[in-house]
């Protein structure tokens, strides 16, 4: 986010005085961990800490209660300085049941604090988690500080006055837990109390019960501390993490799905166009459809199509009719859109295609994150079909990437692919809200006047862009389509020379987009470093932090983050060639690496992770060390 | 189609300078002329008219109409038309498609276009063959059709375009024949209908499926083989000597003889274009035992998709102003000043 | 389905070791049990049974059946099943799909499966919502459905699965309810039918579309809200005090009161599963004015696709032997020897 | 073809004594030029000449008579030694009408012979061809030998006895022309007479009329020569081209579409499998569906699906059920199959996907040839989705490539992409028919026995191949699908480590295919040459001839033709690095070039042609010269 960059320490053995703390909430899908995490995130932001989060939920809608695959977790890394990753190892784990403990405890740093709701550690739940014996009793958690609390019971006691059924009552567990967490880090409960009141405005007693649980959890921290109560090795302590120095301004938390939606709306307005969004639900892309469908007052029409092909072709139709056509999906759905992208390329109509990447191939890992659709984005169409590709690196960046995608689409009359991924889509981070008046406008002008002489729908301006002519414009009737077009006229044309020329025009027009791009900058370090670490997309955080660490350790390393995947910035080649060595960490088997090696003949070495999980800082630090020795 | 200010044009105004590239004798020529002849009668405005097609011989149609035209990709014209119409509901949208384009690769989009009831005219040129790809059988080809891909005859049962359309929720279903003088009237009724007007046109592919429709399209036998439907009129054919009735016991349609014009006592059905039950029976009438039903089989409008979308866009925007800054600032925000953050 | 030697199994034989991953209380559980309970009665053989699904909550079904199973991609199960059945017509093929899988992205394949009449059972779990993707409205959702993608309510008109199936040429159409005891009988009739058996099952998505079917599925009001169809039996409901008749004038269905059991004079229709005209009316009966028609609505077999394909393969191979060398040497050949080429 | 390779001279100024002659027949679509060409090809083959052909027909089904876009042409290059291209410039052009003359004459080498049917050069036809004056009269054809014959009239006279209508009678024009051509090159008419008799068995008088026309054309040549009749500058002369030295054996002519169909049938039989072919018509792929639909006695089931997605998924279903699943299409249709390819990759089922490439993007140029789907073949899918890719270089090679594709598919349980193109699909060449007993068998063995312990559908053999288990096999019930699979078990598995492992297995399995491939050979020249010309697919002929010429001119050039595009042969890297310079001629904007640069960091320079027409030898010779100076 918009803070003066500082480094994330490898987690300090004792939270006390640490620059940053990593907390993970883990429980059953039904336990509301994502909600808890979300509210804790807000209070963290309000406390002025910088932060990054990583929500990790199961593929199942609502997996059977207590099962291992039903565990839902939310991790947050916050600190008194710039935070760019969700953190490698949690310092604190709050486990609401045995399954949550089993699937998460190994990630906790040795000596970290583990808080478990012992009320949930009965035989049935232990069996469901495939525990032969109770880990809270058998000493198997020795290397962590264990704190057993009967959160279930404590919650029931706290909400008894409101006469809820047992089921409803237990639903308040997460607020009790949140209350405890707020106490641990000296947070103000008020904003959350307000949020609960508005959320349950129609159900006052539910609101009250939740507030009571929240307060009880908080109070428990107080008293436990006073009584020095540190059962089971674990010891409750609380402390405040100082605010992170941040640029002055107005902030909010935002997820990638939100910021892309906002960016697209902003882009359409900067272009002066109504927006048509054609989508078909798919995880994790659906959220964008959901957000936009609430923004009709911004001239947004959303269309849930019968499939991805209808979604993109309807968007193409809308662009043809003078709207800004947008479509969005994830891997399998994007694959289905390939043929239609070719039509948009041939008819030279503006279009933005958002790909929220997920684990592949095929259905793959719908709820996990990956960067494995880059090949598809750059190369995945029949014929010579060049298309600009932009990749967002964070929720904040996604806002500006979306605007950029719209700009290129309308200024060059071309489809543009915007790459994001499951991690960015779901992760929340503080965002310094821009002043919209500072955003550069790029108003579109349609052709409306009959020109002298013949109408030439495929004539070109200096950018090689053809005119955009809306049906309904008096006198400018013409026909376009997917068959090769005659130069200028746009008539069907099968001639050899014409096809050669048009193919070159399509290629050169897209390469020309680079003229409108800023030079490639260096995120860290300088040209000529011994090692260049080249990244794209959501790996920015871990790479950046890893390079910071390496530099601190005195190593001559640089970090280059590529946002424009195609066309590439004009100076990128020289920059890359200035490094002695180059590594390209990617959450795929090496896709950006192919483009860099092809374009610049540089020996870019792949560093790959395809586990559905983001890189840890440590993994990249290791890769850096290996490549420097 | 939509309300529009009628304007005056002549047939010539609807012709382009492009050389027409269909086989000599192709039924598509007749349909093209019929459309070009009809447009002036509709008071249509070339500048406000869009012809959208998929891929196929039939789909070359837009190149020959002096209107806006989009020759898209195979099977997707209905989806593209949906985007066009939602982006500008004022446009008069025509979809031109073939039996392969609309019912094979494009079946799903055709179904959803009809379900949603987008206001447009869909003209399906049914020649029971894939013309452009040189004659393979199509989903409407009769069983036993010999084609390059079915040298021993096709085995699958053909789809009935009109039955499919009704099953998908169509509110207007009509049938015509390429060279028939009745075609313009069908086009006018379709254009007058608000919502998706589904028009099946029997089109003669003289190269790959010559005269497959002769048995009922032939002029000389037309009286006995064609049932021309007119709303409010009895279902009579064979110069009024035969009619269609519903057997009140078997609850199936039957052909009855009409003696000296007394169709009432013969129980001949009076065509009611809004009767969906009868429409289902008409589209499934097997030619042979029955005549071929032509004209407007069904016409019972419902609210259109784009109208509903626009209405909701307006209603849900009412009272809200598109304040981008306000949108960005939504939710719980805080400001950072020299002395730290605050709500 | 196909002829097969019946074998003896118990419900347990049809359960897998996989943990079932649906939301607690999901209607899918009841359907799973109904199928597992029915298989032994069919004398089906797990080794010879294949469950093929697309993507969706419903499509996870195959993982829980101890048979061969293929959890494919969204909307394509009917096409994959076609390849499976053509490759091995002996297999007993079941397709499991949802309202989105079968009618949204998969509509075209569903249509052509029905048109071709491949011998298989297609179970469409209709919960009028996209469950797996967390609750967006589907093509069967009622107008005004509020969902994450339609926060102001959906505007498009829902598709009627059974009407769509008939329009596509279905020869067997049935309806059931997830938790109803009648479901196994519907499954048995479907399995007995040779050709594509289309079964719509109202399935309760308790998380995203809880109890949308209550108005007719609820036990206590069932008598008045459900019409249980039995071939050869009069269409009676409300404990026999009401029935369905065809108004011989308007040619539309009507509900009539039946006085002390005399349904004949009330003109109540006797259900004939082979009457396609009536089937069309039954699938379009609007619930409210009419009860919900359940059971086997239509059942009139026709030759199956795979049988026709196999027959043609055999017939056109008759007398020819698969001589590869002969094939390569086909057409006009010449041999080159030391002294040049000759015919 | 199977001849000892020799060089194609740049066409000798005088056909007399030339090593090879290039003849082009051009006329209206209705004039039967493709038929004429086909029969001339046959007689050429029977005369023992080597040959290559290039049919070039219009996109329209039956374009209006006499129009420029309705012209259909057939070019044949034949000679007394190895022929590998259809020839750069025709020595002889036979033009049946003004449009045919206009669109083809510029290609004829200066001094070449132009024969025109003056009977068709009336005002209407001249107008349709946009000729203001009659080129046969206005001297505009001076740089060629022009021979005006009223072929129409001569044909009418010849067939008068058979009392055909004027229309039918004129249909015999092409046979008159063929007769003349046969005379020019001293060909035997008998085989064609036989062919006409069988073709028109049911219409004897049509057969007789055509034979009469054929004989008349032939007789005209005789008499014209005797009378030394050389009107309009053109001079008829006839001469025999000696037979080309060819390996002994049985030959036939074959087009790529035929040979691929035959290769697939052969492959299925070598594997011992029934074949299921799922297709949806599209130019130029349809021909394969057509051929296979006639071969049911070979255990071939063909299925014309409702669309390309159904075609490939049905094929996947058939493979799942134990058949060899095959699907075929061209660019736009292949794009639609991308998602399903991912399913075949994830479920590890054998599948052959044939892509008959055509001009793109989008609908592009359906009847023209191009190599622009290589990116799509190698990279065009979501997720990390590796798949073997093979490219055929000629109709003959296509037969063996098809067998190879089947072998890899079943031996590695993977989809395989086989690339061909419109040129190969339609071009005919003589083919030495192999002895099927010499073709290596690779019988498939299904898993049929319940193993000790648990059934592991995703266990692996040394090739990393998983077992193929047919539904219907007693006791081996199991479930597969598109979600990530657990190692060995094949159960749904979302675990990070498992996804990493499976992704690597999928990658390594495909890379392992290289172990079964022969080393990359050198088509011409040797390792270490100053210039390596690297090609793939149908550019083999022109590249090969161009390199031959360059070598004759004393230049140190080598030709490497890559058949296995992915994975690449193991020794390819070393071979490429041995050249001082590398150029890669492709009919696209540089796609193979990307793979070579990525894989080997060699400075492979693209030489691109995207006109929808094959390379000429001259174009590549030029490129070679530019890159050697």
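A, B, C and D label the chains in the order they appear, each numbered from 1.
Here is the rule we go by: a contact is a pair of C-beta atoms (placed from the backbone, for glycine too) under 8 Å apart; a residue touches a chain by one contact, two chains touch by 3 or more.
In this text, all values refer to a predicted model and were calculated from it rather than measured experimentally.
Participant: State the pair with the higher C-beta contact count; candidates are C-D and A-C.
Facilitator: Answer by contact count: C-D.
Participant: Could you please state the distance in Å, as a whole number, between where the Cα atoms of chain A are centred and where those of chain B are centred?
Facilitator: About 44 Å, centre to centre.
Participant: On a C-alpha centroid basis, what's the spacing between chain A and chain C, in Å?
Facilitator: Once rounded, the distance between the two centres reads 40 Å.
Participant: At what distance in angstrom does the C-alpha mean of chain C lie from that of chain B?
Facilitator: Inter-chain centre distance comes to 28 Å.
Participant: Chain A: which residues touch two or more other chains?
Facilitator: 69, 296, 306-307, 332, 339, 342-343, 347, 362-363, 481-483
Participant: Tell me, which residues of chain C touch at least two other chains?
Facilitator: Counting only residues that touch two or more other chains, chain C contributes 55, 73, 104-105, 107-108, 111-112, 139, 152, 309, 312, 316.
Participant: If every chain is a node and every touching pair an edge, decide which shape results: line, ring, star, complete or other.
Facilitator: Topology of touching chains reads as complete, every chain touching all others.
Participant: Show which residues of chain A lie in contact with chain C when the two form their complex.
Facilitator: 60-65, 67, 69, 279-283, 286, 289-290, 293-294, 296, 302, 304, 306-308, 332, 362-363
Participant: Which residues of chain A touch chain B in the complex?
Facilitator: 42, 45-48, 191, 195, 243, 246-253, 262, 265-266, 269, 274, 276, 278, 295-299, 301, 303, 305-307, 309-310, 313-323, 325, 339-340, 342-343, 347, 432-436, 470-483, 491-492
Participant: Please output the residues of chain C touching chain B within their complex, sorted ascending.
Facilitator: By the definition above, chain C touches chain B via 104-108, 111-112, 115-117, 139, 152-153, 155-160, 163-169, 246, 248, 250-253, 269, 275-278, 280-281, 284, 302, 305, 308-309, 311-312, 315-316.
Participant: Along chain B, where are the residues that touch chain D in the complex?
Facilitator: Against chain D, chain B makes touches at 19-24, 55, 57, 73-75, 104-105, 107, 130-134, 136-137, 139, 148-152, 207.
Participant: What residues on chain C touch chain D, complex-wise?
Facilitator: 16, 18, 46-48, 50, 52, 55, 62-63, 66-73, 76, 79-88, 90-91, 108-109, 111-112, 309, 312-313, 316-317, 320-322, 324-325, 327-338, 340-341, 343
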